[in-house]
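One structure is given here, and the rest of the page talks about it.
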Amino acid sequence: MARPIKTIGVMTSGGDSPGMNAAIRAVARACAYYDVRCIGFYRGYQGMIEGDYTVMTARSVRNIISRGGTILKSARSEAFRTKEGRQKAAENLKKIGVDAMVLIGGDGTFKGGKIFNEEYNIPIIGVPGTIDNDIAGTNFTIGYDTALNTVVEAIDKIRDTASSHDRLFFVEVMGRDAGFIALNSGVGAGAEEILIPEEDLGLERLLESLKRSRRSGKSSSIVVVSEGDKIGKNVYELADYVTENLPNYDVRVTVLGHMQRGGSPSCFDRTLASRLCVRAVELLLDGEKNVMVGLLNNEITKTDFDKGLREDHSINKELLRISDILST
Amino acid sequence: MARPIKTIGVMTSGGDSPGMNAAIRAVARACAYYDVRCIGFYRGYQGMIEGDYTVMTARSVRNIISRGGTILKSARSEAFRTKEGRQKAAENLKKIGVDAMVLIGGDGTFKGGKIFNEEYNIPIIGVPGTIDNDIAGTNFTIGYDTALNTVVEAIDKIRDTASSHDRLFFVEVMGRDAGFIALNSGVGAGAEEILIPEEDLGLERLLESLKRSRRSGKSSSIVVVSEGDKIGKNVYELADYVTENLPNYDVRVTVLGHMQRGGSPSCFDRTLASRLCVRAVELLLDGEKNVMVGLLNNEITKTDFDKGLREDHSINKELLRISDILST
Amino acid sequence: MARPIKTIGVMTSGGDSPGMNAAIRAVARACAYYDVRCIGFYRGYQGMIEGDYTVMTARSVRNIISRGGTILKSARSEAFRTKEGRQKAAENLKKIGVDAMVLIGGDGTFKGGKIFNEEYNIPIIGVPGTIDNDIAGTNFTIGYDTALNTVVEAIDKIRDTASSHDRLFFVEVMGRDAGFIALNSGVGAGAEEILIPEEDLGLERLLESLKRSRRSGKSSSIVVVSEGDKIGKNVYELADYVTENLPNYDVRVTVLGHMQRGGSPSCFDRTLASRLCVRAVELLLDGEKNVMVGLLNNEITKTDFDKGLREDHSINKELLRISDILST
Amino acid sequence: MARPIKTIGVMTSGGDSPGMNAAIRAVARACAYYDVRCIGFYRGYQGMIEGDYTVMTARSVRNIISRGGTILKSARSEAFRTKEGRQKAAENLKKIGVDAMVLIGGDGTFKGGKIFNEEYNIPIIGVPGTIDNDIAGTNFTIGYDTALNTVVEAIDKIRDTASSHDRLFFVEVMGRDAGFIALNSGVGAGAEEILIPEEDLGLERLLESLKRSRRSGKSSSIVVVSEGDKIGKNVYELADYVTENLPNYDVRVTVLGHMQRGGSPSCFDRTLASRLCVRAVELLLDGEKNVMVGLLNNEITKTDFDKGLREDHSINKELLRISDILST
């Protein structure tokens, strides 16, 4: 049988993450290597719907491996949730001659891809690209490692000034539904306390912990708070509550915000993106479809979309215990 | 005449800044070199009042040149504003045998030092250490250069995600009374607009500028806002105002906060701190007092306290014009 | 049975690596948490032989998690290879009351520990700390991830100047016996070719690869060379050979050297060190001995010393193929 | 009189330096602002000779302010040293319609520009872009500040491992004819000794200094060596000499090499490049020519080419004294 796939499309969708460019480069270069045409769609599903794309050659991804963001831009597409939107996209793929797609993004991206495949039977491979690490079927998502380093470097700086002034800092990090960033960066930054969506510490225990920390001789403290923490207060309310109840503490708040999404990717994220996307292209050429590629036990693996979307990728609560021991 | 100064005290006061440790090191090493005893007081004037100090040797400042924060800690002292507080401090200096002081800090620190000298005739040299660069008598304060790099690196990251999603970001940086950080980091980060306390752009002109920027083909924008901007709205209100008036813009806010005070100092700040503090010790040993050391035209100079405190260190408004041209 | 272990010793040995301080901190804090005394020996086995040590409390490891190097210093000990040396060490442990040891280091460190245990029956847990990643029983060693980022950041800088001047750079990285650093940093930096000890590319194929790269439109190239590359020439000889055979190439050499061992550890290395060392202490308290802790499939595991030392931790040659595809 | 200058050319020449892209951007944006056409020539004088150029718009320099290297590439042109080469270049400028040139580079670049202007009367403004800082008429050249930070960050890493192993490191930095980088980075990195072309310390005094350093309690040392140091030995010979004469020292060498030329420019270099190049364009439009723009006492100034090339930009030897005091 002649190899059916002559053109592969690629796009990035959802919140951008460092390493997406390394991923795009790997798709384009693998296509060039296997003599397959590569089409890059802009702004995720939106570019597929609008027919907004560019032909990608081995040279058009030159020197992007080290850059944050995504040269294909990213977006969340409302139109793709509609039948009309998806039909438009399918028509465009047909017109351009795209035989299969590599989708770089998160959970929502893959869900869209699954429906699209069911409706139009276009082979799809998902590549997990998000700083949140909240995807089953892979130990690490592209961008997560870089985001952790960005957070830890920022908290190191905050620690300098916290120590100099004997202050208590609440630092809010990204992670609306999952505490991966907070938990791992909190351990990495040596935080005195970590608040995550998956575990409600409770206000009383937070106060107790801070008081114990002070008694043990610490004059400054860092509390890392996940955006989606379940304690029932946002980070400013938390700070106010602590200020009221621990009047001798000099409390400050920093919300790290969108800088967590940017920056030159770490070696880990670049290598991960490269390995995942070469495999994604090879799987498509081998006739595979509707799977997500991932890294499990240091090997590139594939997971059925259904399975990946059904299963939970839960945080390692052991790290809460580690954090507790290390903040002694 | 026998050299009268046998012991020099040093402290850091006010908001901490990167390079304060390099400054402390230079005082301690210069004292060791000239065979003078060196006493480090903790938490600025507060340590002088409480008699909280440590003897500093050439070895006790080992490997601190690269570290952010201040090993002597810093604080703002209410007690030192009272006559009783200053008397306590003077008594402690006498008891410990401190003949002269090097004060590392900002405007407020120097004002306190001037009064203290008038009351107790203890020779004092001021060293400008603050990220705000708002001190007359020096082109650069210790910590300012590092803070600019911290801000620019953060905005580079934000630019990655702004470009990927075609967003407009408002980024608030430090500088309650002076726009140095906003203006210079804004030019360095290639910001589309810069809002500073010294110049009221006005809401109308801000909207005009953003619209012009979009028309010229820019799909994303960064507006750098100084904490103390005079436009009459805080950065969140600004963002709301723009969202209402430019409904097609996807607006986001990041407040960089205290990470701007920390981090390993740049080479510039380390060298500046080293040069200023060696000179401060040498001036004291030469019988000089009540001056601030500074860097003017790349040379270390001294400025009378009165003059330094009276004069204005104004920002270079030429940079606003440069920013305007470069955001074409 | 009463818990027999009341004092745990810790040391760092062999080449230093970023994260060793995070590891020391985790041992000291875990000991404090479990109410066990902690003794830190200086300069690895040498400090055990000389009785050069310090008592470590939870506070004595304050703020070291972010620092490169090792506060306990490291060394290679000739004396410990002798029976007399090890006897001296055993006597010192007995005198000080050390019941068990956590050894942070590489292969050589563990071999010494195994012999020591056989001779004196002191329980030992090994923690893999080396930038080389050449240890079986763990996917990652402490310091490896940071070293990769250091190398990739350096090559990014070299790429800037290589691109500006259309040059070919040979960049030598660490790894005398194993190509882990070269292989992974090479993929991460987007190197055009990677030379490692495990695979002899051959001079002819190197020339072919460089010529093909030029033909494909690349005007500059980076070749990453592992210290211990088997091609039979050192990096300077390689550069000379290429200069002779490809006269139109402007060839340069950079040997990255010891900066690869230093620097603030990445979040990954800090978290890894923290998890491994808490487990090491807990295993000792549980009566375990003569195992190495490691990270396999994202879980902390233990490996028998014998097994770890016998087995090969081989590089992932798949990455060579990936590199080949991506340098298209 | 109608404004005669309708098209301005720009190029980068000589060794590349961080901030050259910020400079190119400022020329292109200033041209756009003043409604002047902007032509970018590739590879310095070579592109002028070959007619290798691109039209630059405000959008074509988008997002390059943060990038190292130069998008216009750089080279040293032998052909431009010949009368024929310069004639070719002049013909090309005429053909393309270039009325004036902004030259970004160093000493050699400006010398070529001066001759070119004398022969063909094309107005030229020089912008000092080199990491070496060896140009009269400016306190700082574009790229120098970034190179200092790169060197200091590398030495900080080397310091980690030097301290951990009690070693003596010789670190060679760039600067064939001038010791600016060595001297300032040496002070910034807290080096124990600094060897520069402008001052021959002598081997005996180097040994004395190292011995004194050891006696004062330092167990590790860093010696920063400028490429063009006059001590009469290269850095490896120096290390051998010290190893022979101080047998108890564990000596290592690192040559930092070309990574010093790359990297994202510091805020200082970006702002400097922006200010200098806006001025360069404005001066040309005002009818000025044959001057170099520079930064003196924090103000942008212009210096006659003749004067700048004749005068010496000497290093601040005061820093050697500072270094001596601080390595106490």
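By letter and in written order, the chains are A, B, C and D; residue numbering begins at 1 in each of them.
The working rule: a residue touches a chain if its C-beta (ideal position, glycine included) is under 8 Å from a C-beta of that chain, and two chains touch if they have at least 3 such contacts.
All values derive from a computational prediction rather than experimental measurement.
**Student:** Stepping chain to touching chain, what's the minimum from chain B to chain C?
**Tutor:** 2
**Student:** With centres defined as the mean of C-alpha atoms, identify the chain lying farthest from chain B.
**Tutor:** C
**Student:** Distance from the CA centroid of chain A to that of chain D, rounded to the nearest Å?
**Tutor:** Chain A and chain D have C-alpha centres separated by 39 Å.
**Student:** Measuring centre to centre with CA averages, how many angstrom lie between chain A and chain B?
**Tutor:** 36
**Student:** How big is the gap, in whole Å, between where the Cα atoms of chain A centre and where those of chain C centre?
**Tutor:** Centre-to-centre distance between chain A and chain C: 28 Å.
**Student:** Quick check on chain A: which residues sit in contact with 2+ other chains?
**Tutor:** Within chain A, residues 156, 159, 163 contact more than one other chain.
**Student:** Building nodes from the protein chains and edges from chain pairs that touch, which of line, ring, star, complete or other describes the result?
**Tutor:** Graph shape, chains as nodes and touching pairs as edges: a ring.
**Student:** Going by the touch definition at the top, which pairs of chains touch each other?
**Tutor:** Chain pairs that touch: A-B, A-C, B-D, C-D.
**Student:** Please give the residue numbers of chain A that touch chain C in the complex, ascending.
**Tutor:** 25-26, 29-30, 32-33, 58-59, 62-63, 65-66, 139, 145, 148-149, 151-153, 156, 159, 163, 184-185, 187-190, 216-218, 264, 266-268, 270-271, 274-275, 278, 296-298, 316, 318-319, 322, 325-328
**Student:** Please output the residues of chain D touching chain C within their complex, sorted ascending.
**Tutor:** 12, 16, 18, 20, 67-70, 73-75, 150, 154, 156-166, 169, 252-255, 257-263
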